[in-house]
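Look at the two complexes coming up: chain A is in both, with chain B in one and chain C in the other.
Then we have the complex of A and B:
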């Protein structure tokens, strides 16, 4: 366990930029906290999960697939420095684990792993949540973890790369700090998790009527924010931009809340209403994914609930569903 | 990676977000979590607002038509030619032979500068912009009744109201982050009346959905006011202390019994009575309206009735009340504020007032300015058809797709001796131009936009424009310079805002630094003023609110045997106006890839039409092919088409008849025939 005192935070990350493309929680000009590069705002490690999904470091909203010039596919430029990204809460790390497995499954997604393969992922935990609330430590599924004990950052490396990054930091964590970390690591009961599991069971038992989804669907304005904010959503659309000599193929985040997502070539759509699409979104996370992957693919990061302008993020819907049908 | 806080370029809600860029290319959007309007959310257009910016169709160099073809040219050649031709035509035909069309997509600074270019450099008041096509009825109607043609309240008021009347606004589709507030308010117990014969999303949540006939708003509102007065539900104290001309209103609605209103609107009298009682019983009621009210040959009368209803029930000047016209474009409020209007300087100062002319002339270093109001955009098109107008300089507008009666619009533009178009893509209008000037888009420049709630916010440059494209303000300044005018030299857009503030009392306290991070709402008369979320709190801008009675008039074109359907036009959720940006955004264009017409199942059955059949739709102006969308969204006898699509362009069919006062076209009502293609 290493120590990073608050007065050394800036210089530590600054030094890292020599070898890494450093991304970490920063606060932007209007107070929005995101994961971004040093220099894009002040470092803001405190305040809980950032608003934007940290998995976007490896699966950005828009990325190039290939460029063809005069009919010849151009080699993709070599990526720059490998990515170091800090800011994954324990829930975000679960999301990352889920999509790592998804993108590696079957036809491995080269574009994702171009960014992901050599990256270092750092978790964040401790008493650095909103107003000093505890963020639960991870299960160690990252390269290293930054734990705020109330006075300083304790850094726990889990991988070789993680060890290398903090090698020069002092490792004289006082016993009370280590004790604080151990105590925080004890799993806390989470009422929301219970609700999500109940909702999952209700869906899998087919106990939610269509009329419920019509009500929820009527409140969906198809903004797609739930999908775009979700760290476990992996769907993307593909576009080609053509000019006289070049074709630029790229991909961008897509959304199952959109009519065109499932529309058939004939124009018919098996998911042609907001009700069916909303049902599918929730069903996919809470009922289909558990069967396919063994996990509910919502880890309660809370981003869809914050991004949804009409209050039908996954937890809000799960609560409503449990209240009415459990 | 870089994140740049800026304002959404689509509707007038005024959401802000961060543009995410990497090595000079935009790669995404992140919502602002602290913004008082968007609060961490966006609509689908906002989430995808980065996606058209680097499209290969972007204009990258000036173009001059040579041998019938638009060919690449240097900035020097293009700008010299613009000035030479404009000046030449003015010399031969008079200064008012040219027209400048500004843009609600451009910044406040750019609208101000184009207004200044027209008036100070080319000595004409022929300057207008697309507010003429959307809310000119509001500007006229509310200026007369309240003294200020803007949204009286703030978007936060939707969280503080007891009842919302939405009339002629498909809010969840056209102002999604306002529509979502309405949906949330309803879930918290706010009552909702929707008056719109389309079964829009809000109607599904409404306590009362009034599906009155197109063009019958005056009859409906008269009927409602009749009931309120007859049942003694009017707010007498407010009327006596804050308003004038009430007796004239009572007289004008006296004969509008709910039964009479029912015969015109197609509603039951009981529905009108219920709406009146519900509305009048609310402690705080907001009225929300948009194009369904304004785009009629009696649009100003519609607005007058709405103002009267609000005053009649005392719903002005308090939180959770007010007359709330939702401005369509990101900066249509600002375009009006900046005086891109033929009769007004910035801040709604009349060009006909000698003292104001002197103020502007003096500031701009001139001896005098033209005194006669110029031509509204729609009347300028007619003047060009008749040969009185010889040249148009169009910045960021696409009248070939957006103006009524497309055949007329195209013929008009082709009839000009000079057409200059400054835009980001080669739009259908730019394709007809003699000279095309490539402009930077919203992500490539600085400035300010003013949202529908009068919130002035900063637009910030995230990436460089493509090729030789330049910001509109830079191009305008270079034109002024070449025309020999030395008074338009600015190194930044904040310098332009400083000038605006000195000349424009409602923007007197605005400078760019003060606008960080979430802007200020005008009026903001001095540097210490915190901005004004609510208008007309202690008194109306004009003093007393004025009841302006109106007579009921039918829409200009009625259905008949040859053209038995009422066509009403509008927008879809996924596209923006003429589609130059959204149709180049993959996800948005995938959602609505082509023109369509909504048709009620009963009408479809009569015509033997099934969903997605190809139809021929014709009016007295033209005909088009489009695809059937059979839906109960519309009522029998009414069809709806969006106007975004160049192929199957709804404005091939619409009627170029104008409101006599606001000169707004009647986009919402014309008569068409619908036939199934074999």
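Then we have the complex of A and C:
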């Protein structure tokens, strides 16, 4: 276990930029707290989970597939430095584990793994949540973890790359700091997880009537905020951008809450109503993914519930669903 | 944030158009060959992503059998921007392709069985791949019945093929159109494709049916087949969805937990009939 004192934080990450493309929580000039490159704003490790999806480090909103110049497709080189990204909460790390498996399954998605391979992922935990609230430590499913004990960052490396990054930091954690970490690591029961599992069981047992989805769909304004904030949403569209000499094919996040998401050239639209689209969003996470992967693909990060202006984030819908049909 | 990456999975392979012929006022048949000379390597029922630089990609079923020559054929309906641009192409033009993708017809389970091959509209394009395959390997399959329904005589696809199959002792062909104006020199059946099923006689225990057509066709055809005693494990359906990536990642073609581009597009009916929105 290593120690990073608050006065050494800036210099520590600055030094890392020699070998890594460093991404970490910062505050932009407009006050938004996001995971971005060092230099885009001042470092802001405190404040809990960032509002945008941390998995965007490896599945960005917009990715180039290729560029064609005068009709010839040009191979593109990989980014210069491997990514170091800090800011994944324990729930975000579960989301990353899920989409790692998704993109590796079957035909391996090489756009995703160009960024993901050789990357170092750092979790964040401890008493650095909103107003000093505790962020639960991870289960060690990252390269290293930054734990705020109230006075300093304790850094726990879990992989060879993680060890290498913190090799030069002092490792004289005081006993009370180690005790704080152990205490925080004791998982607390989460009532919301129980609700999500109940909702999942109801959906898989087909005990939720269509009228429920009509009600929820009526409250959806198709802003797509839920999808754009969700760390396990991986849907994308593909489009060509034309300029005078070049054509860029790229992929961009898409949303199953949009009418055109599944509409076919023939006009047939399997998701032709807001009720069907809302059902798809919830059902996909709580019923379809458990069927395919054995896991509910919502890890209760809370982003869609915060993003939704009409109160139909996944937890809100799950609570309503359980209250009415359990 | 834009990421620049090299990728093989999403890079199109260059192909040359060998011939273009008009099937109907809205559909053209393209004969295509990979410029590197490598065969496509597909099986009946699979599709490819056709890529036109500046227009993007669209999923198109392969309309020819792998048993035929060193080229493949695509029946393309002009339905969107990419297919509209494709209809402007001519012999010698270059297109890109990715694939073949998806689960083909289950030939191993079809071998030795009588086959009912039922298609509607441009569903005859992927079905043609299977029909040609059966035509080229006659010893592998039992009696083959082809049922095809088109909107009207003008929009009947592969008229020459249909005439040849109709004349062949190898096939029993039943054709119909939804509407005929009387001015189109048409003297065949008029009615929905479901009207072709009741007169058929077949042994359900020795028969497998395959269906490819517009979404509206499936339920009614399946009902007729079940009335004849065919069970869901003997009915194969090829489902149309908007496959954007073809490799099970983009999410546009999901049917509950299934990805149509990888788990399908050909499914056994008992795998999907209970899934919301599948049919």
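Here, the second predicted complex is superposed on the first by the 322 of 326 C-alpha atoms of A that agree within 3 Å, B and C clash if a C-alpha of one lies under 4 Å from a C-alpha of the other, contacts with A are read in each partner's own complex, and residues count from 1 in each chain.
Definition applied: a residue touches a chain if its C-beta (ideal position, glycine included) is under 8 Å from a C-beta of that chain, and two chains touch if they have at least 3 such contacts.
Bear in mind the structure is a predicted one, so any value in this text is a computation, not a measurement.
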So, does A:254 touch the first partner chain B, the second partner chain C, both, or neither?
both
So, A:34: does it touch chain B (first), chain C (second), both, or neither?
first
Taking the superposition as given, does A:310 touch the first partner, chain B, the second, chain C, both, or neither?
first
Chosen between chain B and chain C, the partner touching more chain A residues is C
Let me test your reading of the model: by the given contact rule, A:242 touches which partner, first (chain B), second (chain C), both or neither?
both
Which holds for A:264: it touches chain B only (first), chain C only (second), both, or neither?
second
Touching A:56, do we find chain B (first), chain C (second), both, or neither?
both
Determine, under the contact definition given at the top, whether A:8 touches first (chain B), second (chain C), both, or neither.
neither
Examine A:224 and indicate which partner it touches, taking first as chain B and second as chain C; both and neither are also allowed.
first
Where chain B and chain C land on the same part of chain A: residues 56, 60-63, 237, 239, 242, 254
State the interface residues of chain A toward chain C in the complex, per the touch definition above.
56, 60-66, 68, 71, 73, 75-79, 102-103, 105-111, 114-115, 234-240, 242, 247, 249-251, 254, 256, 261-266, 268, 270-271, 276, 279-280, 283-284, 287-289, 291-292
For chain C, which residues count as touching chain A in their complex?
1-12, 53-58, 77, 79-80, 83, 214-215, 240-242, 244-245, 247-258, 262, 276-277
What does chain A use to touch chain B in their complex?
23, 28-34, 36-37, 40-41, 51-52, 56, 60-63, 218-219, 221-225, 228, 237, 239, 241-243, 246, 248, 252, 254-255, 258-260, 267, 306-311
The answer for chain B against chain A in the complex is residues 1-3, 5, 16, 18, 20, 22, 26-35, 39-44, 46-48, 50-51, 55-56, 172-173, 176-177, 179-181, 183-184, 187, 201, 204-205, 516-518, 573, 586-587, 590-591, 611-612
